[in-house]
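Below you'll find the structures, each written out as C-alpha cells.
Here chain A shows up in two complexes: once beside chain B, once beside chain C.
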Partner chain A sequence: MADTTDACREPILSVRNLDVTLKTAIGELHATRGISYDICPGETFAIVGESGCGKSISSMALMGLLPRIARARADHCLFDGQEILSLSRRQLSKIRGNTLSMIFQDPMTSLNPVYTIGDQLTEVFVRHGKGTRAQARDRAVFLLERVGIKNAAERLNAYPHQLSGGLRQRVVIAMAMMCSPKLIIADEPTTALDVTVQMRTLALLSELQKEFGLAIILITHDLGVVASLSDRVAVMYAGQIVETAPTAQLFADPTHPYTQGLIRCIPSYGEPHPDAELPTIPGMVPSLIGRQKGCAFRNRCPLAFADCAEGDTIALRETHGEHAYRCLRPHDALMAHWRGLHGEPA
Partner chain B sequence: MWRYFVKRLGIAVLVVFTVSVISFGLLRLSGDLAQNLAGEGATQAQVQDIRVLYGLDRPLPVQYVDWAGRAITGDLGRSLFTNDPVFHLIAARMPVTAVLALGSLLLAICVALPLGVFAAVYRNSWIDRAALGMAVFGSAVPSFWFALILIYVFGVQLRWLPISGSTTWWHFVLPMVTLSTMVMPQIMRLTRGGMIEALDADYVKMAWAKGLNPGVVFFKHALRNALLPVVALAAVSLGFLLGGSVIVESVFSLNGIGSLAYESIKRADFPVVQSILFVLSFIYVLLTLLSDLINARIDPRIRLH
Partner chain C sequence: MSNAPAPLDNMDLAMPTPWQQSWSLAKRHIGLQTGALIVLVALIWAVFAPWIAPADPYAQDLANRLAPAVWQDGGSWAHVLGTDGFGRDVFSRLIWGTQVTMIVGFGAAVISGIVGSTLGMLGGYLGGRVDAAVIFLINVKLAMPGVLIALSLVSIFGGSLLSITIILSLLFWDRFAVVTRTATQQVRTREFIAAAECSGASRGWILFREILPNIANQIIVIGSLEMGIAILIEAALSFLGLGIQPPTPSWGILVSEARDTMFFKPHLIVAPGLAICILVVGINLLGDGIRDITEPQGRN
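Let's turn to the complex of A and B:
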C-alpha cells in the first residue's frame, strides 16, 4: 500500500504502519493501527474522523508528546530524513518548535497566562539558536503583523488574557512560524473559535502556507474545514485510515461507506429540504481494546456481509489516481450505493 | 497595579481595626481583669480600687478609644509587672522570634518547593511517595515531642548542637528544624498539587512542543502558575510561626515574643498580652498584604481586580 500515497519524490514526512497502543486497566488499547501516509513539502494533508478515532494521538506520537501509558511503533517515521520515533528526548526537542511545530486546539489555554506573548514568542526562537533576543523581537513583530495583528510591537507586552480568542489563535500560529518550520501539525486549529473567526483563521493558514512553502497536517472532524483548506484527505475510523484521496475527488466520489455516511451528514449537502431531519450514522464506534478482526465499521455499515467479519484486517485497495479505500465491496457496487443515497438510478 | 494596591491597603486598614476591636473585647471577656490582678485573697474594696486605678471601671468603648488612640502613636502602655514600656518589651523580644520564624519559613520553602516539584514531575514514583510520607510525618508529629527527640539525638547523644538559649546562630538550628517541619507539609502538598495541575495544562504541552528544555518547562512555565496559592500559604504560615512559636520557644528556652506572651498571661499582665495580640495580628495583616502584592507580580490577571 506504500505506493498509494506516494505523491512526491521527497516527502517531508513519511509514515509507515504507525501503531500507537495504550496500556489500560482492561487491556491494551489500539489507538491507531497501520497508519501510513506521505506528506510533500508545501501541501496540506487533512486527517478527518470522529472523536477517539486516533487522529490526534497519531500526531502526538510524531511530536513525542504521547502520555506515559502510550507506546508508538512503526516501520518508519521519517521526518526531514530523520527517524523521529527513535530519537532521544534531547534530539527530539531540537526538532520540536523548530522544523516541526504544532498548533493546539484551544488558544484560550495553550498560551501561558503569566508571561507576555512577546516572551512566549521570542523564547522559542532563542531556544533554537536562531538569533539574539533583539532579532527574535523583530521576527515576532514581523510575524504578528503578518498574521494580521495591529500594533504588533505594543502587543508584544500584552498578556494572553488581554487578547480575544481569535487574536490568541493568531499569536499561536505566529509562534508556530517563529523558526520557519517545514511542517506544522494543526490539531483542530479552529474548533474552539467562533464561526466567523474560523474561516478567517483558515484563510490565514492557507496564505502563510503558500507564502512560506509550509506543509500542514490538518487534524479535524469538520469536513467543511477539509474542503476549504486541504489538498489531500485521509478519513480515519477506529484507528485506521479507511479512505484516502485528493480532496476534490473524495467529495466527488466518496467510496468507503463510512466516508459516504460522513459526507451525507453535512447539512445542506444531501438534503434539499431545510426542515428535513439530518441523516446520522446509526450505531457506536467499536471498542479498541484487544485485537480487531475484519472491518471495524461492519456493525454500522449498510453494505456489510458475512465476509466483513473475517480476516485480520481489510486491505487498502486503490481505485485510480491516489484514491484508495479499505472495503471488500467492489468499487462499482459502492458507487452505485452512493448514487442510490441521492435517489439517482443505480 | 496602583488601584489594586490602594484597594488592598484599604482592606488591610479595615482588617487591622476589626482585629484590634476583637482582641480588645476578647481579653475583657476572658474574665474580670481587676479581679485577676488583685489576686484570690483580695477584698471587694481592693478589687474596686484596682479597677479605678487602671480605668477598668469606664465603659468599654471609652477604654478602647483611649487605648487605640495611644497605640496609634506607638504608646502601648506599661507592663503592670515590671512597669517597663510595653513597646520596649516587645521590641527587645521581637528579633529572636523574627529570626526563628523567618528562618523556619525559609528552611521549609527551600525543602518543600523542590520536593513538591519533583514529586509532581515523578508522580507515583518512590520520590513522590517518600515526599508524601514525610508530609504525613510532619503534620502528624506534635512539635514539642519532635523538639524533645531532636534535643535528645543531636544535643544529648551526638552533642552536635546546643539545646537551649539564643546566644549563637547554632542555637537556632534545632528550633528552626522543629518549626519548619510544622509548615513544610502544607507547602509541599500545595506545590505538588499546583504543579500536577500545571503540568497537565495545554500551555505546558505547548512548551514541550516548542522544544524547550525540561528545566525551563518545569520551573518557568509550570512552577510560576503553581506558585500563587503557595505564596498565600507562606504568608499565613509566617504569621502562624510568629504567634505559634510559644511551645518551641519554651522548650528551647528562647526569649522571644512567644515566651513573653506566655509569662504575661500567667501574670495577668493585660497591657502586654493586649499589645502582643495586636502587634502579631498587625504583622499578620501586613504579610497578607505582601503576599497579595507578590501574587499580583506573578500573575498579571490579578492586577485587574
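Let's turn to the complex of A and C:
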C-alpha cells in the first residue's frame, strides 16, 4: 500500500495506519481507518473534512485524550522518536505541554475561570522544569507581547472572563508556546472566533511558526483556512484520508470526487453568477459502525460505478509528486470530470 | 506580514478583581449579611462563653428552682431567662450550649464534607469502576435510616462530643458525594480540563487544582445545609437522651430538660428551640450568600 510519505527524512511525527475504534452499544465504530502521515519539522499539515470524519479523534489519540470507550491502534505513532501510543500516563505527562502542545477550539472554555492567566501560563513552564516562577513570568510576558497583547505584565493578573474571545485565544496560543514545543496540534483554532479576528489569529500562528520553527497540525473544516495557512493537506472522509497533496496542488488539481465537491462548495466573493445556487454534496456521511466495504463515498459520488462497492478498501494511489488519492477512477478521468464541472471541454 | 500583529487589545485594565467583585456583591446581599451576623454572634457566644455568661452553667441553687424570667412577675436581671429545675441559670446554659452546638455542627459538616467531596470528585472524574464503587456506597448510605443508625451507634459508643461529631459526619457525607460527583462530571467535560491534561498536569493536580476551585462554592452551600442538619440531629439526639450527656449544656439538652415544665414555664423550651431555629436559618442564609457572591466568572 502506498504511503503518504514525503521527502522529509526526519519527521517530527510519523503515523502509520492509525485505527481508532469506539465501542458503542450497537457495535464497533471505526472512527479512523488506516490514517498515515508524516509531519516534518516546521511545516503546517492541515487535516480537513466534515464533522464526524475522524479528524479530531485522530489527534485526540496522539494526545492521549481519547474517551474511555475508544481504543487506538497503529503500526507506529512516533513523535520525536518515541512511540506515543504505548507511553504510560506519567511518561505522556512529560511530553504533553512540553514538546507537544494543543490549542483547543473554544477559547471561552479552554482557560480555567478561577485562575489568572498569569497563573495558568507560568504553571506549564514550572511543571516541566523549565525554570523558576520568575523566569516563567518573564517568558509569559515575552510571549503575550509576541502574540500582540499590550500591557502584558499587567495582563498576567487578569482572569479569563476579563478578556475578549480573540484575546483569550491569543493567551491559549501563548500557553501552548510556553515550553517551546516542536509540534502544536491546533483543533479548529479559529472556529469559535469572529471572522474579523480569525484571519489575524491565523496570521499570528503562521508568524510564530516561522519564528520558532515549530510544526503545526491544523484540524479544520474550513478550506479557506487551509488555503491560507498550510503547506500540505489531507482530506478526510469517513475515517480515511481520501486525498493528500501539497496545498497549492490540491486546490489546482483536486482529484478525489469528494475533494472536488468540497472545493466547489466554497462560496467565492465576486462570483460571475451571483444568483447561482451554491453547490452542495448530496447525501450523508455513511455510518461508521461495523466493517466498511469498498469506497465510503460511493453513495454520494457522481462518478461511482459497480466496482466501487467491491473489496475491503480502496487503495491510495499516487499521481505525481506527493499527491495521492483514494479512488478507482484514473487520474485523467477525474480531472476531466473536474473540468466538466466548470463547463470547460472535457 | 508585519512583525507586530495588529493589537486588538484596547480594553482598560481597571477591572475589579474577584475579591472586589465579591465584596461589592456582598454589600448588596441582605441575606448574606443577616446570616453572617447570626453566625458571628453565635461564634462570639461559643468562643467567649466563660466571659459572656453571667453565671456558672453548672452551679445548682436548689432554693431558687424555676425562678421566673426577667419579664415575668418576680423576675430579676440576675437570671434573665430564669432558672431551670435545678436552679441553674438558663441564659448562661444557653450561651455555653452554643459551644457544643457549633462544634458538633461545624465538625460534622467539615468531616462529612471532606469524606463526601473526595468520594464524589473521584467518582465524577475517574468514572468507570471507581464511579461504580462510589455510587454503590452512596446507594448503601441512602438505603440506611440515618437517624436510627445514629441512635444505635451513639448507644454503643456513648454520647461524648467527639463520638457524636464523628457519627454525625459519617452519616451525612452522601449529599456532598452526590453533588460534587455531578458537579465534577460537568466541569470535567469542559475544555480547560482537557487543556490541563494536554499541558502535562497529573490527575491529582487536575482534581484538586483545576476542578475543586470550580465546585468549591457548591460544596460550601451543601456544607451550610449539613451544618444546620447536624445541629438539628444533635438536638434531637440530646432531646432523646442519647446525645450529649447532661449536665453538659447543649441546646438539645435544654429542650429536653424543659419538657417536664413546658406547660407552665414555656419560655424554658422556647428559648433553646428559637436559638436552634435562628442559628440554622442564619447558617443557611450565609451559605447561600457565599454561593451567590463567589460564583466563578465567565462560566457561561
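To be clear about the criterion, the second predicted complex is superposed on the first by the 339 of 346 C-alpha atoms of A that agree within 3 Å, B and C clash if a C-alpha of one lies under 4 Å from a C-alpha of the other, contacts with A are read in each partner's own complex, and residues count from 1 in each chain.
Basically, contacts are C-beta pairs under 8 Å (C-beta built on N, C-alpha and C of every residue); 3 or more make two chains touch, one makes a residue touch a chain.
Quick caveat, the model's predicted, so the values are computed rather than measured.
Per the definitions stated earlier, placing chain B and chain C onto a shared chain A by superposition produces a clash between them. In the superposition on chain A, no contact is made by A:R139 with either chain B or chain C.
In the superposition on chain A, contact of A:K94 is made with both chain B and chain C.
In the superposition on chain A, A:E207 makes contact with chain C only, while chain B stays out of contact range. With both structures placed on the common chain, the touch criterion links A:V197 to chain C but leaves chain B unconnected.
Look at A:M63: by the touch rule set out above, it reaches both chain B and chain C.
In the superposition on chain A, A:Y159 makes contact with both chain B and chain C. In the overlay built on the shared chain, the residue A:L111 is in contact with chain B and with chain C. For chain A, the partner that touches more of its residues is C, with chain B and chain C as the two candidates. In the superposition on chain A, A:H323 contacts neither chain B nor chain C.
In the superposition on chain A, contact is made by A:H128 with both chain B and chain C. Comparing the two interfaces of chain A, the one with chain B and the one with chain C have residues 63, 65, 93-98, 101-102, 104, 106, 109-115, 123-124, 127-128, 159, 161, 172, 175 in common. Interface of chain B with chain A (complex): residues 201-203, 205-213, 216, 221, 224-225, 298-301, 304.
Across the complex, chain A meets chain C through its residues 63-65, 68, 89, 93-98, 101-102, 104-106, 108-115, 123-124, 127-128, 147-151, 154-155, 157-164, 166-167, 172, 175, 197, 200, 203-204, 206-207.
If you check the complex, the residues on chain C that touch chain A are 1, 3-11, 13, 15, 17-18, 127-128, 190-192, 194-203, 210, 213-214, 296-299. Looking at the complex, you find that chain A touches chain B at residues 63, 65, 92-98, 101-102, 104, 106, 109-115, 123-124, 127-128, 159, 161, 172, 175.
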